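Shared between the two complexes below is chain A, which pairs with chain B and chain C, respectively.
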Partner chain A sequence: MRVSQEIEITPAKVIINGEPVAVKEKGEKMLVELYRQYANDYPKFFKMDTLCRLGFIASEILLREEQVEAVILANRSASIKNDTDYLSTITGENYYPSPALFVYTLPNIVTGEIAIRHHIQGETSFYILEDEQQLEQIIKSTITRHPSPILAGWCECSGPDTFNAKLQIIWNN
Partner chain B sequence: MEQLIEQLKSQIIEALNFEDMTPADIDTDAPLFGEGLGLDSIDALELIMLMDREYGIKLADPKAGKAIFQSVRTMAEYIQANRTK
Partner chain C sequence: MIYCVGHSIISPLGEGTQANVEAVKAGHSGLKIYTDRFESVEPFCASLFDTPQEFVPLCIRSVEMAADKSEILKSPETVFVVSTTKGDQLDLLTPAKEIAQHFGNPNLPVVVSNACTSGVCAQITAMRLLEAGFYRHAVVTGCDIQTKFIVSGFQAFKALSQEPCLPFSPERKGLNLGEAAATIIYSNQPSDLSNRSNWALVKGSIHNDANHISAPSRTGEGAYRCLTDVLAGVSPADICLLGVHGTATLYNDDMERTAIRRAGLQNVPMSVLKPFFGHTMGAAGVLETIIAMKMVQNEKNVHVIKMLSGFGGVNAAIRLQCE
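This part shows the complex of A and B:
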């Protein structure tokens, strides 16, 4: 396996291929800052939940120059932040379930949004795992099926300012 | 009516999370779906929830939605005629 590009995003820092990137904002606002800097042509970004924004913008940055055949992501908390937000719309007397929030109550929408944006027609999977080591085993078994590179990594979000992503473009040679 | 239209535009922006948009950016008579604002089916559901939540209007006939959601003006006219709050 060979990693050609990687990105790490936490609420306070962004590192692209080992180089820290200067950002003014922190947390959720930083994801918007990154969107404006690296994409800014996909208004649907603003409808996404935090987890989806995180995976989307990380993939935007990595896929500027390379194409991939598959997207394999994983995390520990599934879509818990958005699930909680959605729950608040169906709890108590103010029962107004939000369709826009409901859409993001499955974490695999992240891989779907990335695939739609980049016309990726191969495998897309989002695993819920205990830790990143388990993901490594999945990536190893997945990469053997793909002659072209894949986008894979950890994409975790448990709150508006509690998230981390580490995505890589991985080749099978 | 004009006041309702402006209020509705603000509510649409908030409900649909159009962060970069102001009420002035929305053409009162432009199509909400397809061209114009380019809304999708999830957005349509949000607009239905908005009418219920803010104006006490429950859309019983889904077929009526096509005419109601033609533009902000048609929405406002329907709200003015049918609001319960």
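This part shows the complex of A and C:
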């Protein structure tokens, strides 16, 4: 296995291939700042929940020059941030559930958003795991089937300003 | 190739694989119309347990029923793979750990959360982990319990039918939700367990439509690619049963029909299980695979395919072969 590119995003910092990137904002606002800087041509970004925005922007930066055939992501808390937001719309006596929020109550939606943006018709998978070490085992057992590189990594969001992503472009050889 | 060495289904139709197979053969359905469950503002039709079940105890019972030897469950060479969309009240990892720990298994469980395809994807994950040599056995358990969260969401999507679903019918009005737990135990050695079923999982494939997060592709692109992948090495004539998703939503069934035709499988007998069990979400892929294996005669070189599609544009298919 060989990693050709890597990005790390936390609410306070962005590191692309080991180099810190200067950002003015923090948390959710920083994700919008990154969108303005690196994409800015995909208004659907603003419909997405925070988990999707995080995975979207990380993949947007990594896939500027390379193409991948599969997207394998994982985290520990699934879609809990958006689940909680959706739950708040169905409490009380007269409630109006929001279909726009409900669709994001699955963690694998972020892999779908990335696939749509980059026309990836290969595999998309989402796992709920303890840590990145466990994800490495999954990636090792998956990548032998892929001659082209895959986009894989950790993509976690438990609150509007509590998130972290570490995505890589990984080659089999 | 990995070998099915045990399985179980617990659903409103019965306890254990045999009870569920007999209920399906007798034409029984778990579907009922509910007017007062989950504070629903409108009636809905679903297959629910009469006594509300809890996620972890239900999964544990399903695993116990599938295993004839508890040594396999606690072995460091065994991994638990849990397929679910909402787990135990939105928590997916903690309940999976509780299930593995209940059996004294020392390994971290893997949770597959790939929307409605999870149960098929979990079996593919098990195959990869066993074939890569990380483990010798995988306990694949699929389960979802219905809640106000899920019912209100599907209602908001206008995806639920208030009547028993009609897959592939021009009159279809939407899906019915369901509850179940199902387990398949796979092993990389056919001789490992005494109650092996003669069935092996030989191929699996996952593809995204790259089209829309909540609507399937009109051309069935992802599902078509999955079907052609799992057909590698055999011809459509070798497939004796195609277990489709058949949710009875307008778009899903149209998409599947297109994908099946494109893959040249239109003459293969199809099975749709939603009118019996409803859409059991995380359990569907596991439960429907078990029923498919039991619905065809155990004859050498007989093949079945199980396919599913879900939110996020994801599609998955597996091919099983009778040895």
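Here is the rule we use: the second predicted complex is superposed on the first by the 172 of 173 C-alpha atoms of A that agree within 3 Å, B and C clash if a C-alpha of one lies under 4 Å from a C-alpha of the other, contacts with A are read in each partner's own complex, and residues count from 1 in each chain.
Just so we're on the same page, contacts are C-beta pairs under 8 Å (C-beta built on N, C-alpha and C of every residue); 3 or more make two chains touch, one makes a residue touch a chain.
Computed from a predicted structure; not experimentally measured.
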Partner chain(s) touched by A:12 [first = chain B, second = chain C, both, neither]: neither
Dominant toucher of chain A (residue count), chain B or chain C: C
Which superposed partner A:43 touches (first chain B, second chain C, both, neither): first
First (chain B), second (chain C), both or neither touched by A:3: neither
Chain B versus chain C as contact partner of A:108, first or second or both or neither: second
Which of chain B and chain C A:97 touches, first, second, both or neither: both
Which superposed partner A:127 touches (first chain B, second chain C, both, neither): second
Doubly contacted residues of chain A, that is, touched by chain B and again by chain C: 97-99, 103
Residue ranges of chain A in contact with chain B within the complex: 32, 43, 46-47, 96-100, 103
Residues of chain B defined as touching chain A within the complex: 15-20, 42-43, 45-46, 49, 52-53
Residue numbers on chain C that touch chain A, as the complex places them: 85, 87, 90-93, 96-97, 108, 110-115, 121, 125, 128-129, 131-132, 134, 148-149, 152-157, 205-214, 221-222, 225, 310-314
Interface residues, chain A side, partner chain C - complex: 71, 76-78, 80, 83-84, 86-87, 90, 95, 97-99, 102-103, 105-109, 111-113, 115-116, 118-130, 134, 137-138, 140-142, 144-145
